[in-house]
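After the structure tokens below, expect a handful of questions from me.
Going by the order they are written in, the chains are A, B, C and D; count residues from 1 in each one.
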Amino acid sequence: MTLRTREQYIESIRKMKAEAYMLGKPIPDVTKNGFTKLALRGIGSIYDLTRDERYADTLTRKDERGRVISAYCSIHRSREDLVNRVKTARLICQKTGVCTASRCCGWDALNALWHTTFEVDSRHGTGYHKRLRRYASMMQGKDLTCAGALTDPKGNRSLKPKHQPDKDMYLRVVDEDKKGIVVRGAKAMIGGAIGSHEIIVQPGTGFTEPEKEHAVSFAIPLNTDGIVQLVNMQPGGERKLEEGFDKGNVSCGSSESLVVFDDVFIPRERVFMNGEHDFATDVVTKFVLLHRAVLGGCLAGCGDVLTGAAALLAEYNGLSRQLSDRLTEMTYLSEALYAQALGAAHEGQSTPSGAWFPDSLLSNVTKTSVTRLPFEIQRIAEDIGGGMVACMPSELDLRSPRIGPLIEKYYRGGHGVTAEKRLRAARLIESMVAGPGRLGNLCMHGGGSPAAAQMGIRQLSDLENKKEMARRLADIS
Amino acid sequence: MTLRTREQYIESIRKMKAEAYMLGKPIPDVTKNGFTKLALRGIGSIYDLTRDERYADTLTRKDERGRVISAYCSIHRSREDLVNRVKTARLICQKTGVCTASRCCGWDALNALWHTTFEVDSRHGTGYHKRLRRYASMMQGKDLTCAGALTDPKGNRSLKPKHQPDKDMYLRVVDEDKKGIVVRGAKAMIGGAIGSHEIIVQPGTGFTEPEKEHAVSFAIPLNTDGIVQLVNMQPGGERKLEEGFDKGNVSCGSSESLVVFDDVFIPRERVFMNGEHDFATDVVTKFVLLHRAVLGGCLAGCGDVLTGAAALLAEYNGLSRQLSDRLTEMTYLSEALYAQALGAAHEGQSTPSGAWFPDSLLSNVTKTSVTRLPFEIQRIAEDIGGGMVACMPSELDLRSPRIGPLIEKYYRGGHGVTAEKRLRAARLIESMVAGPGRLGNLCMHGGGSPAAAQMGIRQLSDLENKKEMARRLADIS
Amino acid sequence: MTLRTREQYIESIRKMKAEAYMLGKPIPDVTKNGFTKLALRGIGSIYDLTRDERYADTLTRKDERGRVISAYCSIHRSREDLVNRVKTARLICQKTGVCTASRCCGWDALNALWHTTFEVDSRHGTGYHKRLRRYASMMQGKDLTCAGALTDPKGNRSLKPKHQPDKDMYLRVVDEDKKGIVVRGAKAMIGGAIGSHEIIVQPGTGFTEPEKEHAVSFAIPLNTDGIVQLVNMQPGGERKLEEGFDKGNVSCGSSESLVVFDDVFIPRERVFMNGEHDFATDVVTKFVLLHRAVLGGCLAGCGDVLTGAAALLAEYNGLSRQLSDRLTEMTYLSEALYAQALGAAHEGQSTPSGAWFPDSLLSNVTKTSVTRLPFEIQRIAEDIGGGMVACMPSELDLRSPRIGPLIEKYYRGGHGVTAEKRLRAARLIESMVAGPGRLGNLCMHGGGSPAAAQMGIRQLSDLENKKEMARRLADIS
Amino acid sequence: MTLRTREQYIESIRKMKAEAYMLGKPIPDVTKNGFTKLALRGIGSIYDLTRDERYADTLTRKDERGRVISAYCSIHRSREDLVNRVKTARLICQKTGVCTASRCCGWDALNALWHTTFEVDSRHGTGYHKRLRRYASMMQGKDLTCAGALTDPKGNRSLKPKHQPDKDMYLRVVDEDKKGIVVRGAKAMIGGAIGSHEIIVQPGTGFTEPEKEHAVSFAIPLNTDGIVQLVNMQPGGERKLEEGFDKGNVSCGSSESLVVFDDVFIPRERVFMNGEHDFATDVVTKFVLLHRAVLGGCLAGCGDVLTGAAALLAEYNGLSRQLSDRLTEMTYLSEALYAQALGAAHEGQSTPSGAWFPDSLLSNVTKTSVTRLPFEIQRIAEDIGGGMVACMPSELDLRSPRIGPLIEKYYRGGHGVTAEKRLRAARLIESMVAGPGRLGNLCMHGGGSPAAAQMGIRQLSDLENKKEMARRLADIS
């Protein structure tokens, strides 16, 4: 059994002592800092659930040797695997209420590279795929959490990489010898990096020949010399630094980091692309396909939690019946996302490498829906939540001997519901519409911008075929 | 080979000489009347395409004896069958641009009854399922088109069936003997009845014990004594009575009828439910589940045609590039419907009878999307189409020696596109946003009203489970 | 009293015997043709209502000499006049259920030219404004209906006017002498031309110096030699050719024409622009400002009728209470359009000529809403209307001795509502969602395309000012 | 000149030393606490702008004696005053970026009471109106900021006030003598209370005769014995306790409180309703009418700031041109709200008291739009903002010697834009989509819930009149 417990996972991260900063100061122990502790619990939940027999079908796979491994370290080898990828996303979001991005992105990156290294080797006679297989096997055996990294800082977005005044705006190879390469640059918005063992880096966009120094991919432990993590401060993130229920979701958290590579040495066996710019677009595309489809599952899962929180507060307020239509609409929106993701997965195809990917067009369609519908879910949650979600007392008020009794009296709900229950439900809603776990945060830019997804749809819309349908029916020669 | 040709199909319908009226007059020959002729061509296209090898995977199945049969006469025996059901819908709509409702509804009715007769027999020891199997085998062997009928006139919708002043507002058994039953009533909005060999009748809603006379299901040829069809006049239907391109879609048509049962005798071997009111809801539900999911495919297919027509007119106007964003949005909307339908199909389940049905919740979700997104597709088509779609000359104007040359001059498009081409494309758009094939017609009430689908979502939304998710994350005991 | 009666108006149009064609044939008498007769009734309703004291405040004005004139022939001389312009639009649409475009467009054209002739004279020392005042006085005295004409055929829309292979794609001056000018070209989608005494022609877009032959404006009776009207065939227009209720709106109709100018002589006193290309954009802009704002009133009025029709059918079906939410949403949408139009009118400004125009930004905003919200109104109407709106028998069926009794039985509503009442209400809805009076027809291209309105918003959005607000609050220097 | 300076205002509030708590602790000096200090600056901005000549037309009025007074203390005496009410709201939100609710609510409450006291006196022969006039004169002369209070805690919302187990769930009179009344209860979500001199209390809903103890209205200084304010903790409110730009809006803040009345004595001359339950609905309705209309101006103003912030970040990223369409859409949405508010104001009517109120139907329509469109504005802002708005470093990171240079390097924008500028713009967006100033907070529950506004539309939709329109056009007798 290769599956770690949550405690083993957390301890393994603590021991790494990766260099990381937050609010301008180093984080000496990620299990002590309230913010990072909560993020580790989010990822840690995956470890716990993976060992829970009820979820074995969804969360575990067998590797080629028959070992039970975490699905998060697996290659998608069938349509069913892709569908399970979506179901995993929904399940974990239902259980954590947050984006546990790192394991997801690492999973997607592993699959994208599985395919691309195979293709690069076929064309260029390189040996990347074999390396990657070894890496995957190690990752599976140790049940690692690997962050996935694409997004470069990009500087002036209207300029191409080769025209940037500072070339480091796209991560690049600055030196190379027999043993390995040296990389410089940064990757932004890396979900869950602070709770990851390794980081799998891919190009963030396509590159041309003169830009081939940027066409680089590798995996490396996050405590490697020269890697510096800056953990970002989310809206409402301050509350996570403290104990108490004002953070809304008191069980799990998320995190994002800027990960800086300050001339970091990458040994050759960890390099999966190095200058093959003609495949940079391919690996990005495969990664985002997975991500764009899967987001339908993530947002459905988080939508479920938010719907549940809204239903709870409606019940506490004695308004379950009156708000039934609105709750039904929330359910509709979450399920519409989920159904689309399932459709994209179902229509997936395998590649020569053996890895499966969801349908390109439907993945972009799902992502487009994901950038729209969750905002309506949030809107209805704020409607149901009432003015209380917009303004309410804090736990410190509730605990105060002077103020507490007033709150207990005036915030009591129907049928003996205590003020604390109502406040907890309201804070959970608040955190999902205006805090770190707000759906709008999860849905908009993961897997690329809305514009990128629309571009994908445009390219795949096959208008010529549709024009031909119209011509035939209108008898236009 | 049991598959008929289009010509064989049309001739077989012509020969039936079912009693039918339109615009207050009898239709002596359905192949002569412009309106019904076009409707037959719509259904006839299915026959042609079914014999086309390129579509064999989608449009044919094998029966238990290994005969190749039309998918439209088959029972869904796997997840793949359900997915193909959706793909069939999209394909046929792409090829015809219309709702060829009869074969679809007959198909769905057959499957619903396959399941329900099995269940009724299990509980009541009746012999319906065996009868239905014989019927299905006959239908397959003769490659019949069977209309499916649910909707009763309903009279005052705020009253239950048993309180209606006129009991015939819900079709019912008025007499019965050993040989069979006699039914009276009507079924409304029966798509494609005029082009169908038989009609498969089901209850239109659930019934209680005192209403059991309405709990009746049977199949019967449409030229049976006492059956009268009133073919409805659609918006723009007048144009179908004439030749020419002003009807927009010059290749295929659709039709709907009120089918009146004026004390019609149904022989016992054609009766599949007779008083088992406890299963009326079950058979309705199974029918609409299929229909609600499949509509995602239908509307995607019709959306494709409309997108193609809009792209064509944009091209003729020299505006393809400027309108690219809007065309992409049309594609997005169609594909979102399709993806949801696929998701609903993928999550389908089998029943003890061996028939598969799509996921209940996701079917209702798909249907709900189907009642919304196509209106946005129409809106964008009107935007792209420009003022021309709102007002344009007719073919008679174009053919007139006095007026024709003026139209030829002033309606010419860019790059030598003739006025006729532009007018044909514009009329096709017009017919799909404001004519008989308008998407809004297809999408709103097929498979039940939007309110019924929302009710379905409410019942399946499992709020208790979602509340529990919220309680756990907010630590509410 | 200068106000004509409806009968006087209709007779005056009949006598003109303008050259007009429909379905490839000449229209010898516009009061005999079912289609044009109905269109005349639409415009004629304005005449009747104008003489009705209850509407005097809205529909009449006083001219400079104190004569009571039709508001439709007046110049907007105050904020109150602009607001009344919007209220007039709503009232007339409530009373007719259709777009009575000609009087509206003539009214807007008169106001636009009032301003622009004043400006042209100021810069170029021409004498257009005095001419226009004489024209306006004559129009007021005779209570004329004048169509307004902007839209040129445009040919290949990706080419500028000067690059069109056929220069006539934009109406232009082809000859000129002391007495007047000769024009050639066509104006498309001219609402109500068949029921108009005169046509007021303006440029359809801005022109540059080399294109100045197109910068021409004039007014001329529609029975002038060389003018040919081609009346377009609307969706459902065929029904208007016959008597009976299947046309839905049995009281009023609308029409649109292509008006061809086949080398038409325009006497100098009727010319209001002739080559002053530097003002072509100005006059177009002023016209569309009025139109874009006023459309909010039109669509609110038509929305009211459609809401009423939906409420009626809901009542007949015994579902008023259940559909109350949806009916409320329809009201909301109509009123939102109206409120925006009022806002645009209220913020109007006067020009040096004394004519007032609505606020530019808010007019474009109103128009943008007008291209969106009515489609949702239609959608809800189709939802409420039920399957019946999608398919129902015709009046001929109802009148047939064989079929009629069946329809009378099976289409009866609750509480003794006859089938005819239900069918009439359903046909009215049908005609407003899928017929000639469909909201989507009225709203999309009147006053220019959605893209043009969005361009207007972009140009007026003053982002620099908004950036400064943000900089100040974020303390960015 | 009765207009105070900002400093005078702030000092006057400081001196009051009202009893207030936050995070469980007393606030000894509201000008020292970072959170309340910022809230005072928000309201203080109104004082500054009122003395600025450029805004005199909007922000000042003359009282009956000709004194220049703050518009915020005035009675609306004309249509123009109502329109200015909307323009004031937009202006102040543009300048502060926040809801400065207290002065607004006090203003609206004053106007509502002006009307209702007049009506109550007319029916009951009481002397409330004269008292209120004296109060208004004092408020004007001292240029007071008065919070407006309606919302009661309400307990179990499915129970009527008289059935609540704890009657204090609705504020009520518990004792009374010649000198005055004693009230007990609480008012929730009182915007700006911490920065207000007085609080004007009104009933929160309609009451029946047995509930008349709740039908009470009065005004009282907030430092009166027995009044306790609990300042709520907003999402992101923690940042306001500290200096620095991470709060986004560094210039102004907002606040909301629960204001508890723990047996507070109100002298008779400050009581404006006491048991006249038949007017409780009237005063609530008048208050919310104003509020519902005016919100269109507020959200337009905050929308302007957010649009500006998004435009700024787009510019810093070198993407102004590519994002032009999305920025235009943001402008459209803000202006659509504004136009509706203007429409509602324009259609306002005066009451016998001389006070004007906006149109009831259009106010509810505006409010309904306000509960929808701002969420789309937020959505687009998140789209434009990019991943950076979802996660970014804090100011403490930027100031850190170790981390700062990395941020300076990797967060630099195009054309020499510093990281700090980009972070400031991004934090401003963040605070308006996921912080205390998020539009969704401002728009949803101010002036009552979306459901209440929809109920208002339903009651005023006059379906009978609309049905009559339909009947006439379809010739239904």
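Just so we're on the same page, contacts are C-beta pairs under 8 Å (C-beta built on N, C-alpha and C of every residue); 3 or more make two chains touch, one makes a residue touch a chain.
Bear in mind the structure is a predicted one, so any value in this text is a computation, not a measurement.
K.L.:
Treat touching chains as neighbours and tell me the shortest step distance from subunit B to subunit D.
P.N.:
The fewest steps needed to get from subunit B to subunit D is 2.
K.L.:
Go ahead and note the Å separation of the Cα centroids belonging to subunit B and subunit C.
P.N.:
37
K.L.:
Quick one: subunit C and subunit D, Cα centre-to-centre, how many Å?
P.N.:
The computed centroid separation for subunit C versus subunit D comes out at 41 Å.
K.L.:
Please list all residues of subunit C that touch 2 or more other chains.
P.N.:
325 - these are the residues of subunit C that touch more than one other chain.
K.L.:
Looking at which chains touch which, would you call it a line, ring, star, complete or other?
P.N.:
ring
K.L.:
Every touching chain pair, please?
P.N.:
A-B, A-D, B-C, C-D
K.L.:
Under the definition above, what is the set of subunit D residues touching subunit C in their complex?
P.N.:
Touch residues, subunit D against subunit C: 83, 94-97, 245, 248-252, 304-309, 311-312, 315, 324-325, 327-328, 331-332, 335-336, 338-347, 361-362, 365-366, 368-369, 421, 424-425, 427-428, 454, 457-458, 461, 463, 465-476.
K.L.:
Touching subunit D in the complex: which residues of subunit A?
P.N.:
By the definition above, subunit A touches subunit D via 21-26, 151, 153, 155-159, 166, 168-169, 186, 188-189, 228, 230, 232-236, 238-239, 246, 256, 258, 260, 262, 317-319, 321-322, 371-372, 375-376, 378-379, 382-383, 386-388, 390-394, 396-400, 402-404, 406-407, 409-415, 430-431, 433-435, 438, 440-441, 444-445, 449-451.
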